[in-house]
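Each of the two complexes below includes chain A, the first together with chain B, the second together with chain C.
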Partner chain A sequence: MEPIYADAKYQEVPYAEKKRLFDEVKADLRFETQLYGCYECGICVAACPSARFYDFSPRVFAQVVSREDVHTFYELLNDSVWDCSQCFSCTCCPRQNNPGGVITLMREVAVNNGLKSAKDALKAYSRIIYKIMSTGTQVAPDMLQPDFFPDWGPDVQQVSANLDVWRRAIPPETMHTVELAWDVSEKTRLELYLIWKLTGNLEMIENIDEGLFMILEEVMEELLEEHGYDLEEIESVVE
Partner chain B sequence: MAEVNQCLLPDELLYHVDYNVWLRDNGDGTYDLGMTDIAQSMAGSLLHCRAKKVGKAVKEGKSLATVESGKWVGPLKSPFACEILASNEAVEVDAALLNRSPYKQGWIVKVRPAEGADLSALVDAAAAVDGFAAYMAANEFKGCIHCEGFEG
Partner chain C sequence: MSPLPIVHEPTKAKDRVFDRKPPLTDAEYKEKLFALEEQGELIVHRIGEAQKAVELETKTGHKKKVPLDNTWHHKSCGQCGHIPGYSTAIFWLIRQLGLTYHDPRDQTSCTAWNYYASATSNAAAQAAVAVRNFAQAYEDGYFPIVHCGTSFGHYKEVREELLHHPELRAQVRKIMDALGKPMVFPEEIVHYSEWVHAQRHAIAGRQVRDFSSITATVHPACHYHKLVVEDAVYDRELYDGQRTAIVSGLVKALGAKVADYSTWHDCCGFGFRHILVSRDFSRSFATIRKIERMKEEADPDVTLTHDTGCVTTLDKSQFAAKAHNRNVGIPVMSDAQFAALAMGAHPYKVCQLHWHGVDMKPLLELMGIDHQAAWTEFEEQARRIEAGEIEYMTWEDC
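Up next is the complex of A and B:
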């Protein structure tokens, strides 16, 4: 099958490969509850915060995937899929479509297949993934560094230089942590690690960032072993 | 001193290009290891550096330390199977030392290669230049950034 547009991107990628990835999205159990036909009303686009700032449209996802336009699907899978903020405002659709849900499935396929575009998109976020998966908290206060937040101007310099002081202004039950948004108990971390391990989520990381995977695996296995979990048994459950 | 895209590679050190680490041969069968100028520049301002425990045996390609900057985290990979003999407390207290002084004060661990460890991937500065140029191109990294107080 020829590309629809003469200047379509990714023409060098064989149709069979694009179709394989498309079929992987469609094969997901959740797929059949995401799309029910599109009125073309644009309500999803009007509600979408990403559409205001990027050349991005949740409607395009709903339509391209419904039409089974494999070439454009592949383009979205590599580019626009990372512009979505996953806020699911688009679920205000009068047809109960869920473009954000389609994007969730597409991102998972992009990550599971280790697509270069997915690696590039997530490259700058390895510590955020590390924090979420190792502690359950996302943005750490000490991420507020001048070189990562130049858009904050001089304020970020002041905040980062006096972070421990700033953190004392928040409720004491957070333990005034600077490396975490709040203190996370060992029990919570243990539950998280079992979830990531048993659901195969940890393995997804290996396709995207092998170094991050190595660090996470070590952190998790150390705590699980400390609490008497049999790692081989966990592996056999996953398999 | 060898240089590639404003990144310094001191002549007296050895390098493992793929793992982006430098090694100093102490001449007594031990090596000091740290992040290269390229690695510290790619990571940005470093916040934490936690070495594995002294005495731990680490396999080739596995992590000797975890290094974190604002939004990035990565392992310091071991270029050969080894035992950790010591870790640098100064970088654990102030990880920004790795940005200011990657080669002088910023050593991270001292190791002893395991018996029969394969050291063949280590190269000197002159031989590392092309490898690092290719590494930087592959990672779309233009050149090193030296912070205030940088001493090499």
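Up next is the complex of A and C:
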């Protein structure tokens, strides 16, 4: 099948490949409750923060995915999908569409298939994935470094310079941490890792950053072994 | 410019039926949960007498039970990690009101920040993370209260997905079996700001600082009132029930002025991925669409919000904008920190305002706080820790 426009992008990518990816989005069990047609009213665009600063439109996502235009879908999947703010302001849609939800599904497919555009979008983000997957908290005080947040002003330098003492000068006992946002017990961190493992998330990480996957697996599975977890036995419960 | 030539018709979604159903109301969510419990599929964690719950009205006019006591605190990554006075203020308020809470170590992030930023997860993992945390709260015997707006919104998404899809429930149940945990979901998903809203008159009753000269703007968190909207709290006395009452209700109860501005409904610009690795967008949106509009239209002394990312984005984005001579310079904090300050909390030991970016001193002066003396007191605590005289600052030191 030919692309819609004569000068459409990604003409070198076979239609079958684009369709395969589109079908993966459609196969997600959440897909059926994301789109219900479109009035073309543009309310979602008016509410969308990304639409103000990027060449981005939640309405285009709703329409392209609804009409199954796989060529434009593929273009959005590579060129626009990572611009979404995931604020879900677009759920103000009078047709009850959820363009932000469709975008979440598209991003999952992009990651699952290791698309180059997804790898590029997440290149600087890998350290955060390591943080959440190994500690159970998304951000931590030790990330407040001037080289990571140079635009946040001199306060970051202050925090960074006094980090250990300032963290201990916080009353709740669970927050005297530097590498974690709060003190997550090791047992709980391992349970979280097992969830990632049993739901196929580690394969997603491998698709997007093989090096990160190898470090994560080595560190966490050593811990599991130390704590006497039998992975084969656990996996047999799920199968 | 002439239109691009159409070389063939787009494919049609011939097979799809746009079967549009109204969203479930919050009461229907509960009915479905209880029905699943009857069928033996899960345990519903109920709000009991120990929680001394009150009822608040939701967007759809239903009553939502908000537990006041014996609560299990589902903490927030960004609050605990980068703005620790946020979580501390919540705990301080509970302690001041003589109530009991549990601050668990057996709690993980909801992982939704990562999911919305990178999509390196899926429906089963996200639901399993939610259910594992809820099972822990159930086993600990306290009712969960969620600190983060994104966790709150995402857990409601998870609830909807679990109720809709038996195959997802089956998958999550197997994972819980493997972890040795029960399959539990709470009767209500409650955000801490709903607790603050429910307690606003009790907080005002213990107010020791005069806030009548303070003007505040409110930024409502998108994931509180836009993501599965049904059980967000509304009040006919506030904005005629057309906007969520959360935060604004507290400001009014404390005698400060709530100032309106034209981009009230806009997002803060957090963006999940953007705030960490693509901040030019977050900075631009936060300052141009939110802070500058507030400045021009309301010139507030402070802007208050009730979510992790919103405090961070609105606060931290202002430094770079100031370097470009933009009209910025509004202190940003959470409703909990504002409430704690009204009740006499220490600005640095409890509210930890030194972790925020924008200069708070003019605001503290308006509140009648001697910030220089307060900072000296904090520094003395820090000195004692550094000198090894004490290991940590405790609640008693506050």
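Methods note: the second predicted complex is superposed on the first by the 219 of 239 C-alpha atoms of A that agree within 3 Å, B and C clash if a C-alpha of one lies under 4 Å from a C-alpha of the other, contacts with A are read in each partner's own complex, and residues count from 1 in each chain.
Basically, contacts are C-beta pairs under 8 Å (C-beta built on N, C-alpha and C of every residue); 3 or more make two chains touch, one makes a residue touch a chain.
Note that the coordinates shown come from a computational prediction; the quantities given were computed from them, not determined experimentally.
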Which superposed partner A:Arg67 touches (first chain B, second chain C, both, neither): second
Which superposed partner A:Asp155 touches (first chain B, second chain C, both, neither): second
First (chain B), second (chain C), both or neither touched by A:Met143: both
Chain B versus chain C as contact partner of A:Ala124, first or second or both or neither: both
Chain B versus chain C as contact partner of A:Arg52, first or second or both or neither: second
More chain A residues in contact - chain B or chain C: C
Contacts of A:Met214 with chain B and chain C, given as first, second, both or neither: first
Chain B versus chain C as contact partner of A:Glu179, first or second or both or neither: first
First, second, both or neither for A:Ile132, with chain B first and chain C second: second
Intersection of the chain A residues that touch chain B with those that touch chain C: 124-125, 128, 143-144, 149
Sites on chain A touched by chain C in the complex: 1-7, 28-30, 33, 35-37, 47, 49-50, 52-54, 66-70, 82, 85-89, 91-92, 95-96, 104, 107-108, 110-111, 118, 121-122, 124-125, 128-129, 132, 136-141, 143-144, 149, 151-153, 155, 158-159, 162, 165-176, 180-185, 187-189, 191-192, 194-196, 198-201, 204-205, 208, 234-235, 237-238
Residue ranges of chain B touching chain A (in the complex, touch as defined): 44-45, 47-48, 62-63, 66, 68-75, 77
Complex interface listing, chain C residues touching chain A: 4-8, 10-13, 16, 18-20, 23, 75-82, 84, 87-88, 91-92, 103-109, 111, 113-125, 128-129, 132, 136, 153, 161, 164-165, 167-168, 171, 174-175, 177-179, 181, 222-223, 226-227, 229, 265-267, 269-274, 276-277, 279, 281, 283-285, 289, 316, 319-320, 349-350, 352, 354-357, 378, 381-382, 385-386, 391-395, 397-398
Touch list for chain A against partner chain B, complex: 124-128, 130, 142-149, 179, 211-212, 214-215, 218
